[in-house]
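Next up, some structures in structure tokens.
Next, two complexes with subunit A in common: one pairs it with subunit B, the other with subunit C.
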Partner chain A sequence: MTAALATHRGDGLPGALAHDAPPPAPVRRGRERSFDEPPRWQIYLPLGIYLVFTLVPFYWMFLFAVRPAGSTSLVPWPMTGEHFSKVWNERSFALFFQNSMIVGVCTLLATTLVALAGGYALARFDFKIKNLFMLALLCSQFIPGALMLVPLFEIFKNLQMINSLGSVIIAETVFQLPLSIILISGFIKNVPVTLEEAAWVDGCSRFHAFRAVVLPLLRPGLIAVGSFAFVHSWNHFLFALMFLSEQDKQTIPVGLNTLIGADSVDLGALAAGGVIAAVPVVIVFAFIQKWLITGFSAGAVKG
Partner chain B sequence: MAQTAAVAKEPKVPRRRSANPRTLPYLLIAPAVLLMLGFIAYPVASVFYYSLQNYNVTKPWRNGFAGLDNFTRIFTEDDQFWTTLGFSAQWVVTQVSLQLLLGLALALIVNQSFIGRGVSRAMVFSPWAVSGVLTSTIWILLYNSSTGFSRYLADAGIGDYGTSVLSDTGTVFWAATVAELWRGVPFFAILILADLQSVSKELYEAAAVDGAGRIRQFFSITLPHLRDAIILSTLLRAVWEFNNVDLLYTLTGGGPAGVTTTLPLYVANTGIEGHDFGYASALTTVAFVILLFCSIVYLRLSKFGGDHK
Partner chain C sequence: MKNSKTYRGRTVATVSVAAVLALTATACGDDGSGGSGTEGSGKGEITFWDNNGGPRTAVWTEIIKDFEAKNPDIKVKYVPIPIADVQSKYDTAIAGGGLPDVGGVGTAYLSNMVSQEALEPVGDRIKDSALNGKLVEAMVESVKDAGGRGEEIYSVPTSANNGALWYRTDLFEAAGLDTPDTWAKFYEAADKLTDADNNKFGFTIRGGAGSIAPAIDAAYGQSGITDFWDGDRTTLNDPKNVAALEKYTALFKKTTPAADVNNDFTKMVAQWDTGTIGMLSHNLGSYQDHLKALGKDKFAGIPNPIGDGGTRVQVSNPVDGLGLFKSSENKTAAWKFIEFAASHASNSKWNESAGAIPANTEAARDPWISATEPTALAAKSLTDGSTKIVELPYYLPDWNNISKADNEPEFQKLLLGKVTAKAFLDKLAGELNAAQAEWKERGNG
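Moving on, here comes the complex of A and B:
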């Protein structure tokens, strides 16, 4: 996409056109403007309105988190860290943060590895149960995770994994897998099989060829899938709520829910907890958002 | 790199070539299949099984085979099933149609080239990464009657002090809808923007030469191109909105007076708080069948994957 954009922008530059091929330039530019460039206000006005709708809630949370208790100021000044130190220390968010990190990173690793294997099989082999496997992946999208809580709880109780982060990691991985496999197999299909075959001819084993040739090309796709898995498990609430009843095992969303449900809601502490919950996903999002569009167009719809 | 590999791996080649191709795909999908069998298929099967049982840990003396009793109870005695199903339908239709319309508009806007496009994209898409609980947190801060947005509006002379939109049965639906839209619109915007990248520029140029205006181009080129992506994403989103309980559970708790209780919330209450797992399983089964039926009808009616492209 970046390349396409660059070319497109290049076309718009008079200098580049004049250098390249002067005669068709005016015609081309005229046409492009007619379909590609509506009046500026038709872009900036609706975009501005939507940006306000998107950003004011974030600003509101930030404002409540940093202004002193009792203040009604609409500017975040003077700032205070009292709410942060309160949720971080007294409300155990330090511990919740650590637990959420463990769950998020383990889910990321498990999902990516298992989905990579499954996606490779779907993309590169024909085997008997392939269609059945695909169907199962698609059908699993219809299964409501919330309605599987009770049977899953019984399974983890039998495995003696209640109150262990492992139960949440497994549950998150399992429900993240189907979509990840479909996405990754789409990405692998986009890597020409001839590249791998060339490596086999050079004497590489299948695994070695995969690691040396396919894996580097899969980087954007793996980043997309891994980030989905991390963000999803970082955000997910119900499994942690159900399977982790001991307070020192809980995760950030459960901690937030406790703050919401407190008898008299401490809004400053709640806002600070929200900011803590938002920081990692905002970082991950900032990191992946340029891959997001290409990732989807390459893998999801065409897969 | 290839050369060193050739030297190092030479002896292994014959063995791998002969052994792999048959069994390798099965080995590769084995971890995924085992996990899904154990933690998706088995729970689903047990839900189907328990839907035919009386199973309530607080009333163990009644446990046992129930036949279709649970299902008869749903369709003949249970008013709450119909109310919550009705609310779920209202919720899903409102969310998916508004998210699609706004997401489509947003995608078309940020697909233009203008100054600040990258930053704008990042900002308008950012609620996509926010969880249901965090969305609830943010909107509770906004809706709060004493320090929220309404207080500042009241200061400016609009509305009354002390109104909480979340505790009024008349306003709670739209209050929850706006909060869910806030984080739901970017999903459609991202998917549609991704699909817009693959529309061929020549089509627009040809249409422009033939004198088609921007609106005509949208309906004749863009919309047909997006057709399959829209059908698929609306379906996935509808299922997701139906099943997801995070936001309503934390924002309204299904209240006030139960007016925002969706069917999955009702099921969760029945099974987890009411301990009536047999009946909750029957409700789950019914919900699953309704979902599957609606999806098939939707795909048929919309002629997904037809010859429209």
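Moving on, here comes the complex of A and C:
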């Protein structure tokens, strides 16, 4: 076979040399497939259909955002930036974007820090009501935010925090924390405690050992929790609508809703606002998707 | 590894629990309506919540600028509230506090706010102001009815909308069809303009959010019944209304797109503006959208079709207005703003921008009205005696629940053939009869 190969390739090598040569790799016709692997079309066809269903609404949004008002074209040409200019400049989306970014980033930081502390306590300490506390965290997920609206409104009003982005950040953080703590505690349990003990033996304090040994290993979990907190607070509408009663404090989701009137809607502006709202989330997911998948799958199975 | 609780840990836990309890306890404070407020100095800052924030922001900004130029001692803080969430925003503020001085209030949720004692009666203020005798009487009556407190009025009407039948003049002309000004012509056009295989339909029906009022409108419009109540019972499930609704909903999928079952007004207007659908039943508010999408030569808007009896019957449309909140600490300044916003110039400016019918009688005679054909026709039909109005019971505190969350899914079932028109109207009528009885038991009516 080797000789035949050599001849075929026209190498002109002597037979002995050809015999001494290491056996060549088998000829590959495309990618080899094991018998239990399904044909490619069975993978790509459903994925393709799913992608069409997922992406068509986004295409529709992009189309409405960039085509001129009154156009019925199904392709984004001729293209116009009038809708983006309108929402960004006339409808205060520049300000809403900035406010949403402040809320999103602060919620991310607050949620991650508190969840880290809470998760560490749950993973490393035993205390009497630990199971009850875990149960309470889980149960808190069943309470819709709308149910807490009036009590929260009262609390923030008495703290003189109505009309402050701080009220939204605190409310978002509080509602993000239960799931985040549960996830982070799962990650921390996954890190052998002996690593920390070794650091203590070497003279580290508990905090130093945590920072130097445990924290670097939690990166996927922190990214998962942080991104989840950011995206949720970025998209959340209710708290911003209820706690903020000044136009210059509003966030993107509230701004988007003001583009829908009682009897009329500017679809071009609404689509342009939708694109602006989607961009940060898409960027976040594009950069962290690898960590996000690792993070959620790892945290999900550890209890 | 196990760690016992430390003293510091217990302290932190105690402080945390105490803080939570203290914060929660604050939830037992005042009712948020803020008591009776005060007349105030007539100077300083007042807050105004726009109940249709966004689409009307530009015109309100202009009116506020004019007001502040005329009243340099008063500053108006403008807060746009998305229309879909305005009622929940008001409800939260009523329960938790933080109501504005002035707010946009539609008749659809006026009674709910009046029953929570959030609004100040404004009848006496109107009498003593420049607005006395300059508000369209029908709108004043509508606002009084919606408030549900007899002759007292709880908001100053600013505008009314009206149902319109929008139709594509280019498609009608090509098909050789007449203007659909009677129900018979409407059904004929819906049928002739439909070519489902080529994605062409004669009509688009509202099957999603907000579907109940148009359905009731179509039923009364065809049946010719002009009163919503016959004693203490509604005429809604009268056999004539049942037959009319059956005929109307039979259009679904026959001369309308199948996706109409989920149509709220945004989808309905969008597909009419961008497609090849012959007719759309929506109010005057979407005029600017049609104009932008189709240009002025391809469509027209007319009042609802005339029934077989020769009379145009339509249901009452919500009237928009401005409410003065009881909790305001500066009612004098707040009232000045309301008076200014409802005055001739401001009211005309606002309604021209919205394509609605002004509540100010002087504004209602301005030239822009006759220049905008659909608005002019609507205004004419409401004032020349050719139209009978069926007054919907907006005054019932349960009206919104009954006409939205409770029965919109039922209307979808009706479109899909899962319930009959009779069963649908019987259910709706039963709920309205019960709500009316409860309302009367409380000493109203």
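Just so we're on the same page, the second predicted complex is superposed on the first by the 264 of 303 C-alpha atoms of A that agree within 3 Å, B and C clash if a C-alpha of one lies under 4 Å from a C-alpha of the other, contacts with A are read in each partner's own complex, and residues count from 1 in each chain.
By definition in this document, a residue touches a chain if its C-beta (ideal position, glycine included) is under 8 Å from a C-beta of that chain, and two chains touch if they have at least 3 such contacts.
All values reported here derive from a predicted model rather than from experimental measurement.
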item	value
Clash or fit, subunit B versus subunit C on superposed subunit A	clash
Partner chain(s) touched by A:193 [first = subunit B, second = subunit C, both, neither]	second
A:174 touches, of subunit B and subunit C: first, second, both or neither?	first
Subunit B versus subunit C as contact partner of A:57, first or second or both or neither	first
Subunit B versus subunit C as contact partner of A:245, first or second or both or neither	second
Subunit B versus subunit C as contact partner of A:162, first or second or both or neither	second
First (subunit B), second (subunit C), both or neither touched by A:236	first
Chain touching more of subunit A, residue-wise (subunit B, subunit C)	B
First, second, both or neither for A:205, with subunit B first and subunit C second	first
First (subunit B), second (subunit C), both or neither touched by A:281	first
First, second, both or neither for A:118, with subunit B first and subunit C second	first
Residue range of subunit B overlapping subunit C upon superposition on chain A, of 238-246, 256-264 or 292-300	256-264
Shared subunit A contacts, counted only where both subunit B and subunit C touch the same residue	72, 125, 127, 149-151, 154-155, 242, 257, 259-260, 265, 267
Footprint of subunit A on subunit C - complex, ascending	1-3, 5, 23-24, 26-27, 29, 32, 47, 49, 52-58, 77-85, 88-89, 92-93, 95-98, 100, 161, 265-266, 269-270, 274-275, 282-289, 292-295
In the complex with subunit C, residue positions of subunit A that touch it	69-70, 72, 90-91, 124-127, 149-151, 153-155, 157-159, 162, 193, 197, 241-242, 245-247, 254, 257-267
Touch list for subunit A against partner subunit B, complex	1, 4, 8-9, 12, 31, 34-38, 40, 43-44, 46-47, 50-51, 53-55, 57-58, 60-61, 64, 72, 74, 114-115, 117-118, 120-122, 125, 127, 130, 133, 136, 140-152, 154-155, 170-171, 173-175, 177-178, 181, 199, 202-206, 208, 212, 231, 234-238, 242, 253, 256-257, 259-260, 265, 267, 270-271, 273-274, 277-278, 281-282, 284-286, 289-290, 292-297, 300-301
Partner subunit A, residues of subunit B touching it in the complex	1-3, 5-7, 9-10, 12-13, 16, 20-21, 24-26, 28-29, 31-33, 35-36, 38-40, 42-44, 46-47, 50, 102, 105-106, 109-110, 112-114, 118, 120-134, 136-142, 144, 147, 149, 151-152, 182, 190-191, 193-195, 197-198, 201, 204-205, 207-209, 214, 217, 228-229, 232, 236, 239, 242-246, 249-250, 264, 267-268, 271-272, 277, 280-281, 284, 287-288, 291-292, 295
